[in-house]
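The chains carry the letters A, B, C and D, assigned in the order they are written, with residues numbered from 1 in each.
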Amino acid sequence: MTIRFALLGAGRIGKVHAKAITANPGARLVAVADAVEKAASDIAAQYGCEVRTIAQILTSADIDAVVICTPTDTHADLIEQFSTAKKAIFCEKPIDLSVKRVDECLKVVEANKTPLMVGFNRRFDPHFMAVRAAVEAGEIGTVEMVTIISRDPGAPPVEYVKRSGGIFRDMTIHDFDMARFLLGEEITTVSAQASVLVDKAIGKAGDYDSVSVMLSTAKGKHATISNSRRATYGYDQRIEVHGSKGSVAAENQRAVSIEIATEKGYTRPPLYDFFMTRYTEAYANEIGAFIAAVTSKKKPSPSGKDGLIALVLAEAAVRSVKEGRAVKVSEILG
Amino acid sequence: MTIRFALLGAGRIGKVHAKAITANPGARLVAVADAVEKAASDIAAQYGCEVRTIAQILTSADIDAVVICTPTDTHADLIEQFSTAKKAIFCEKPIDLSVKRVDECLKVVEANKTPLMVGFNRRFDPHFMAVRAAVEAGEIGTVEMVTIISRDPGAPPVEYVKRSGGIFRDMTIHDFDMARFLLGEEITTVSAQASVLVDKAIGKAGDYDSVSVMLSTAKGKHATISNSRRATYGYDQRIEVHGSKGSVAAENQRAVSIEIATEKGYTRPPLYDFFMTRYTEAYANEIGAFIAAVTSKKKPSPSGKDGLIALVLAEAAVRSVKEGRAVKVSEILG
Amino acid sequence: MTIRFALLGAGRIGKVHAKAITANPGARLVAVADAVEKAASDIAAQYGCEVRTIAQILTSADIDAVVICTPTDTHADLIEQFSTAKKAIFCEKPIDLSVKRVDECLKVVEANKTPLMVGFNRRFDPHFMAVRAAVEAGEIGTVEMVTIISRDPGAPPVEYVKRSGGIFRDMTIHDFDMARFLLGEEITTVSAQASVLVDKAIGKAGDYDSVSVMLSTAKGKHATISNSRRATYGYDQRIEVHGSKGSVAAENQRAVSIEIATEKGYTRPPLYDFFMTRYTEAYANEIGAFIAAVTSKKKPSPSGKDGLIALVLAEAAVRSVKEGRAVKVSEILG
Amino acid sequence: MTIRFALLGAGRIGKVHAKAITANPGARLVAVADAVEKAASDIAAQYGCEVRTIAQILTSADIDAVVICTPTDTHADLIEQFSTAKKAIFCEKPIDLSVKRVDECLKVVEANKTPLMVGFNRRFDPHFMAVRAAVEAGEIGTVEMVTIISRDPGAPPVEYVKRSGGIFRDMTIHDFDMARFLLGEEITTVSAQASVLVDKAIGKAGDYDSVSVMLSTAKGKHATISNSRRATYGYDQRIEVHGSKGSVAAENQRAVSIEIATEKGYTRPPLYDFFMTRYTEAYANEIGAFIAAVTSKKKPSPSGKDGLIALVLAEAAVRSVKEGRAVKVSEILG
């Protein structure tokens, strides 16, 4: 069985998914849609698929699944439409910036009983997968404390920041999901502090560029997240899980691992400086997991609910900063 | 000029300081006092000094400086007495578990204008000193975020925990001081979460064994601290400072740095498993710094006030856990 | 311009090259030949190319270049035939096990003025390329001493060993080429010692499994090579170049870089245990370089002569072991 | 029982041993002798011992053991005299630059049945000891190949070089001993190549500054040594033992282990740049081992014979370079 795909959105991340779909023997890219005609026709030419409109794809009988890479504010509507059209859906995070809207959207998907997977690509990074595998194999005993350090090479343009929903919904959301992935139980309280240390323009736009977060579960397990919008040395992505019998950590990644020794010391190159090169394998694994789930008719993971919870945690963090207190997740979800 | 020392308290840490004093060409150990006579006479025999009572030392004209290693609840009284007797004082942390008592005590010292240094040994670890030196040399630009991971090899006996003042005043206090040492500006708010994951008996004694802390300065700089009372792999002591131009970190330390490769992987030995072996050089450097300060009539650092502020931060952390909110340092100090 | 390829030999390494060719936008795989029909038809099916005989390919006007992955004893003949047929040739190492035969073969290629590249894939490993780039950028000053440690995960079957030409021609040959690649000048003397420590059957077959080699250039630069047919911890591939101003080294590679800390120590996973996974990127880069050279009508590198010299060094090593002396390269080439 | 010491030679290395002796509870430094009176009186003042002449020490009843740190050309004579005077002897390497002279000297010691230990300090480095302990514990199976990389921070003055006996007897001799220490069986053949790459003046003085050595045992085990008189990045001292079940290696050492990350990469400080700071612990352990052996009336190790064999290997290396062939150890010893 081959899953026949349509790609909605032929931008930067759309291209990554197009490549992963076409390289996967269990899938075929049938159609692509994009508001910018050239973007769609380029992908169509490269991979030998058709350009169609979203309306056409909605009624295409030769499409089993869609990958949604359109702008965030279209995600929820598209999910509802394609779920109703009985297509399997892979949607880039976030589903929406509003918890309420996501909640409504997921109800439609649930009613339609169609598969929905949300694009938390980091769950598919081979190093992070190996960390979780070690945890699940019991190598560090019971999980107690998760430490996530996640820093971007540089701050995005202010125009992007303005539309992003803020750093917690745009950047930390990946770390909220990673914390849940590694803790193995639900987070109940969120404390956050945030400031503007990198770019004053980000502050003027009402956002932060440097944040710290503490998370707690009902059993008292901890997770901490440290985010900065600037790391001169590259894309800093470290996770560590501390448990009753030990600890497991994933190191940072670089393109070449050489070391030069001179009178000034021993120097290794900076890290990958772009999320797409850092997470190349993760993106391919992610689409592979979606294809495998749809093929075997299993529920894909991370699910729409995983997307919702990460957004709820982001909302709790926003409130924690504003009110200077630990916010219960139940306050947001209730 | 040779500083003539009396050692008050001949226990575990007293012995460390006795060794450091006698090895330092600028100092001489003249007398030792301990409630347990054998403890004192052992040190006297080993280093060729006299056993005296504390009362005798208070009036000894041949003593310039005392090192206080007696139980915590005697520190403040001894500081006041020896300051009034015009002796230079090195006191193990903490001065007292009560902010009010420390404050009173420091007023006496201030009135007497006598030197007082508080034993935050980690400031003198060569690796941590090198981190701060790199920061001060501007190698990472402006400091933005400090990350401290500090985990003990194993939980102390519950009897110790009961007298300790709680994990924030006993263990995290070192990290509060380290955060200040590295941030280079005062901390204004403290958020903490704490739980019992290692030993239920610690919980029954009213304390915690696993804590996370977020600190903020007036300028919005961050520090985070992660503490656990148990790390199977040794004494886990890591610091990292992230700045506008880069980052600097001190790695964990082990007695031997070999690596064994087999079909199971590449294995390096566990870390030092005891604070005294981990911080051997730090203790010697610390006493050296005290001797140098007294000799040159400069104010020793870390000062009594540094001891007070670390205790205030601990108190703020306790309150933050209780009340589930960010606590302002000014609430405690006010 | 698109280079149209035929693949000669559809075995393990043939598949690797088929994948690299089809993924390269500057090339197209037109035909495949293999003595085992199923091997050829599988590749034809997967990549949409034709199955042809070698004889057919020799006269195919729609083929610009061939990749020779057939058994070693056919290489020289095929090179001569396809060179005469004016095809560009990429040939897996070695061209032949006999220096004389290689020399004759290269004369044919030279007469035909056709491009010939020999498959020393390690020159295209990104880490080793970065080492050489650092050397060429002058970061370590003048090159003085090259150290190569190259160990296989496990010994090959004795049947393979018997046909291999011996460890120097089969395994060390890669390291001879790497030494030349890094030294930047020709090797003039070879000293080698060899023994059987891994598998006595290898000794019975007249070969060795553990060898050390010292190389010297006319200017007195050194290179050392350490080879073993067994490394329980994976495919051990390290190079280091020491120069007047410093040193540069490439570290070993593993699939996932996590570290687990327990009471037994800190453990990272074993290395890649197979040359094809270890050198995945190298193989792709290698074919890319061949395509780029053919497209731009530049001489491909490593050349046939590079293949010849590596074989000469292997022959010198064999003689050095036999005669217990340093052998001059001119003795072999003369 | 306390071993009463006299120190012969109060230079750089004499001071290191004086410190180790006085810090050891099983020993007492009674006397010191040096041709330069001030050198002797400085040590006498610092450690409260007497200045005596060598002649006086030879007849001093209150001296049990001597530490010989005088110039190399006096070692053999002093060993013979003090052995005849029934003193235990620790002698800095080498005993003499002539194999014949060492051989005669050891016969005297044997006849007198007095303890003699030769100063191969590296055997007492905690990291190298841990490597050997891992080997002896069977963690890597049967030893097969030893790799030693040993590079000095900078070349010594030519005047030193002229008196040194040449690089093999002066520098490589430590590595010959280390190879034997790690191989666990005797070396039977030596192949060496040597050149002048660092300092032409060394070449004019008839010596080399860059050498490679291959060693073999009767069972076919290998050891390789790479020496350079210049490593800009510090005192490069690495050992690795490869065995049937794995490998064990000791990493280089530096004073502080921090890492700074900037846009230029991740940088750790250079290595220790002086053998005395690099091997501080080794020197103290070494004297401790000598004291323990003398106290317990056990034969100290490394012995005079270990000193002899290392010198024989150096001589074999010299001959190998000259004659361009593998030299059998039996050729030298015979």
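Heads up, the rule we're going with is that contacts are C-beta pairs under 8 Å (C-beta built on N, C-alpha and C of every residue); 3 or more make two chains touch, one makes a residue touch a chain.
Model, not experiment: these values are computed from the prediction.
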item: Chain pair, C-D or A-D, that carries the greater number of C-beta contacts; value: C-D
item: From subunit C, the most remote chain by mean C-alpha position; value: B
item: Between subunit D and subunit A, distance of the C-alpha-averaged centres to the nearest whole Å; value: 58
item: Distance between chain centroids, defined by C-alpha means - subunit C, subunit D (Å); value: 41
item: Per-residue multi-chain contacts in subunit B, two or more chains; value: 231-233, 245-247, 261-263, 269
item: Complex contacts: residues of subunit A adjacent to subunit C; value: 126-127, 129-131, 134, 139-140, 245-251, 253, 255-263, 269
item: Subunit A - residues contacting subunit B, complex; value: 142, 144-145, 147, 149, 151, 189, 191, 193, 195-198, 210-212, 214, 216, 219-222, 224, 226, 228, 230-233, 236, 242, 244-247, 324-326
item: For the subunit B and subunit C complex, residues of the former touching the latter; value: 231-233, 261-270
